[in-house]
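Please see the structure below; I have some questions.
Each chain gets a letter, A, B, C and D, in the order it is written, and its residues are counted from 1.
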Amino acid sequence: MVLALLGILKHGQPNDTFNTKRLFRDAFVEFVATTLFIFSGTLSASSTGKKLALGQGAAEDVGRVLPIAMAFGISIMTLAYSIGHLTGGHMNPAVSLLMFFRRQMSATKMIFYWIAQFVGAILGASLTWGCVSSLAGDPVLNGEFKRPPFHLGANTLDPTMTAGNGFLLEFMGSVVFFFVIAQTALDKRGIADSMFPAIPIGFSLVVVHICLIPFTGCGVNPARTFGPSIVVCMAGGDCEAVMGDAYWIYWIGPFLASWAVAELTLIMEMDVDGVEAAT
Amino acid sequence: MVLALLGILKHGQPNDTFNTKRLFRDAFVEFVATTLFIFSGTLSASSTGKKLALGQGAAEDVGRVLPIAMAFGISIMTLAYSIGHLTGGHMNPAVSLLMFFRRQMSATKMIFYWIAQFVGAILGASLTWGCVSSLAGDPVLNGEFKRPPFHLGANTLDPTMTAGNGFLLEFMGSVVFFFVIAQTALDKRGIADSMFPAIPIGFSLVVVHICLIPFTGCGVNPARTFGPSIVVCMAGGDCEAVMGDAYWIYWIGPFLASWAVAELTLIMEMDVDGVEAAT
Amino acid sequence: MVLALLGILKHGQPNDTFNTKRLFRDAFVEFVATTLFIFSGTLSASSTGKKLALGQGAAEDVGRVLPIAMAFGISIMTLAYSIGHLTGGHMNPAVSLLMFFRRQMSATKMIFYWIAQFVGAILGASLTWGCVSSLAGDPVLNGEFKRPPFHLGANTLDPTMTAGNGFLLEFMGSVVFFFVIAQTALDKRGIADSMFPAIPIGFSLVVVHICLIPFTGCGVNPARTFGPSIVVCMAGGDCEAVMGDAYWIYWIGPFLASWAVAELTLIMEMDVDGVEAAT
Amino acid sequence: MVLALLGILKHGQPNDTFNTKRLFRDAFVEFVATTLFIFSGTLSASSTGKKLALGQGAAEDVGRVLPIAMAFGISIMTLAYSIGHLTGGHMNPAVSLLMFFRRQMSATKMIFYWIAQFVGAILGASLTWGCVSSLAGDPVLNGEFKRPPFHLGANTLDPTMTAGNGFLLEFMGSVVFFFVIAQTALDKRGIADSMFPAIPIGFSLVVVHICLIPFTGCGVNPARTFGPSIVVCMAGGDCEAVMGDAYWIYWIGPFLASWAVAELTLIMEMDVDGVEAAT
């Protein structure tokens, strides 16, 4: 990672910040889209949880996995279709870092995107809280939801797992997701040439959520982890649960995967036919 | 909203009503499609509810969320594919209002669409009632379904929620859905240039349903709310339940979102490259 | 329907049978695809039923609806992608009748397709039986599955429904499905011009299954109804259950919908712009 | 099969191994993709199993079928989108054999792919084990998961089924899947001409998993069967369960289907119009 950064400092990155108007417009678009993404995703945790609480007396049910996975993954698909032509449709700081490593954007622009993404995540989680603020009276949890209910969908590591398990899950889940992003969006010899890859990218996130929700809650996106956790803390919720000892796995896992996938996909793009690949 | 209306009065709208034959054809197509949409969506509430009633003795189960969400969302996708080239495939008065605000259709044409959509919704809900009129004998609900069964899928606000929660849910759910519609169908620099956006639009409605079904039943469409509720009332069902104190949220929420999304997406289409955007 | 037939006799149909080699090839392809479709669909009824029987002690669970709906609907999508360029990918006698009414194929060719579809359905259901012939020992059903297990997924009308309900369900379900087929495959001004409509057609069948499975088992395809029922009867299963008093609804419903949708979609294709529509 | 091999020996196959650099690059890409595919698929078996274990006290639930089916099937779709332009995106030795029988690749290249696929499957299953190594304390299974938990998603034949049932299931499931692959990827008169067929191929695997998971666990891919089983054996797990008497069905079934589908789809591509088909 240090080597990659040094290489970038030496070889340079795109200078995409001269158009200030466009820079702010793009950051604004990322902010709006991340808000809607975090809102849709985290609200699904409450909606599916409430159903269960009233119906079956158990907050843990395999029936929650697919609806939540689709709320996150399909939201990315529909929002990427909506803003892809404007900003690329990242909605994820680690994806922006991947694009920086692959020299698709400058460090300055990445910082703008990061701010937009983290602020959008806070607003999205706050809107979720506004929507479910009255939830109470669950007969299972002693008549009360912990406020804010369902930790607003914040990521928590399942107590049976070690932090090492959690890190490997967040790292590998991010690798799977980012691998599909890099290969379908950046390799111009592939489908990136003829279609906008919202379907493979969104559905890949669905798969990663199916695999990770029961273990880590599925982050693979530091903004998605940060937004609900900070709102839970500010709202007097169980701050220790949502920013516990394993909080680092949701940051190091995805960001490390950005670097690993950038390197791996560059190897795969190597020129094997004696012709310079157009990337 | 008032300002938007004043602006429209001043600057004008498309004059798309000179071809009377086409106007009536389009309204007829919207009527047919809305009928089939409301039929498919509301019938799924009864079909999944019946399974549960016989099988698990509980009308509340997280397993109902995804099938109902798909019945509504995927129906919009398949019907938009079917009639998009004729009418745009609205099947939703608030979507028609959004198109009016974005100056894609005249007020006259919008009124024609509205009438077609509301009448279609009544017919769709009536057909659902005809299909399930014999449902009875549920061992859980004291041996009887309330007729019409499952309120024909009418929207009701969950009793644990305040009307304020409900309004925010309907407003934000509509914002998510309409944002995807406006960005994928109207921005000619995006995918609207190369494909008909039925996939992002339909799947976005799936996500919104996953998030809203357990709380408001998910309206985000005044015709979808109106049709089943009026049929339940006319059929001697529990009129108070389906047109209760919170009935307004299903009307103000979506219509207000039409205005908010029209303004928001216009901002996002601003010209940042010194070239006039082609919209 | 009689009028439509008379009109066809007077005005003629495509003469697509002069190439005998092609006629037999197409019938063979329809036979293979219908076999695979019926196999996939009916096997899912046993696979999801077995899971439940062992796990929850109840053959009725809302969790079965979506997997079965996808097995039928998505199979149609993938097989239509596979053979659409050869035969159109009907796999359904009522769809072939719709194509006949819309003058896309001759009566002779339709008869060839019908024979291929019914024989393929018998083979598909037989293969399902071969796959699950050993299923036994279910603790719920007194230690034994009725052989063949799960009636091989044959259509049966839920005992709480009248035949009138069942007929309306099969008719309306077919209308929804066939409407999408006609509009996306035949109207050359729509998406039929630029893409093969396997996605809207397949996903429409998913929605119809979500709505109909708990009530009629979801036929909307006389071959799909016929195949499993005849194999159950020949295999000494409960013939009365799978060819009961309501057996007619699975035949009259879809075939009547073929005529209704042919007429309805012809109205929608009327020339409103003074230019002859290219269909 | 012997005849097909003899025919190939006589008529020759593509000489696609002269470019050694490309041969190794392609094998490396197949290795990476198979690793990610096996990781995503087998991890979903643990993730959905854990949910159930804690929530409902039963490892058998119909709610597991669809998430696992999507983890496998949709992974193939997203990875095929990612690497299809480089290697074709097989990730399955029996698919490579199908391509060999259809003369799309040489025996040498197939061997390279096979090695890459089997090694990738071992690495993928190992990564799954690393992710869930701490799972323990399940109150249902006497306080302990059998290590490695959930057999790492290895294929096992349900005890109520005979090996004959299992073989027919694996053979027919493979036929359905490979039929869609051959028709959508190889017949240049079909959709292969205008799109990369990742959607029909991936969703076809979803359907096959819905049908086979409760019976055989769904192999239809010798590498997918081999990876988890060898890791379970090496890790001191229940080797007899994952490499039992019926282990052969996961090898003979798919490989035999490769031959059957190669022959069947060649028949379907016969020239019926007097013009040589371009395949």
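Note that a residue touches a chain if its C-beta (ideal position, glycine included) is under 8 Å from a C-beta of that chain, and two chains touch if they have at least 3 such contacts.
A quick note: this is a predicted structure, and the numbers were derived from the prediction, not measured.
> Select the chain at the greatest separation from chain A, using centres from the mean of Cα atoms.
C
> When the centre of a chain is set as the mean of its C-alpha atoms, what distance in Å lies between chain A and chain C?
The mean C-alpha positions of chain A and chain C differ by 40 Å.
> Would you mind pulling out the distance in Å between where the CA atoms of chain B average out and where those of chain C do?
29
> Two or more other chains touching the same residue: where does that happen in chain C?
61, 63-64, 66, 199
> Using the touch rule from the top of the page, what pairs of chains touch, sorted by label?
All chain pairs meeting the touch criterion are A-B, A-D, B-C, C-D.
> Name, in rising order, each residue of chain D that touches chain C in their complex.
58-66, 69, 158, 160-162, 165, 168-169, 172, 175-176, 179-180, 183-184, 187, 189-191, 197, 199-201, 203-204, 206-208, 210-215, 264, 267-268, 270, 272-273
> Which residues of chain D touch chain A in the complex?
Chain D residues touching chain A: 19, 21-22, 25, 28-29, 32, 36, 39-40, 43-44, 47-48, 50-52, 54-56, 61, 63-64, 66-68, 70-71, 74-75, 77-79, 81-86, 127, 130-137, 196, 198-199.
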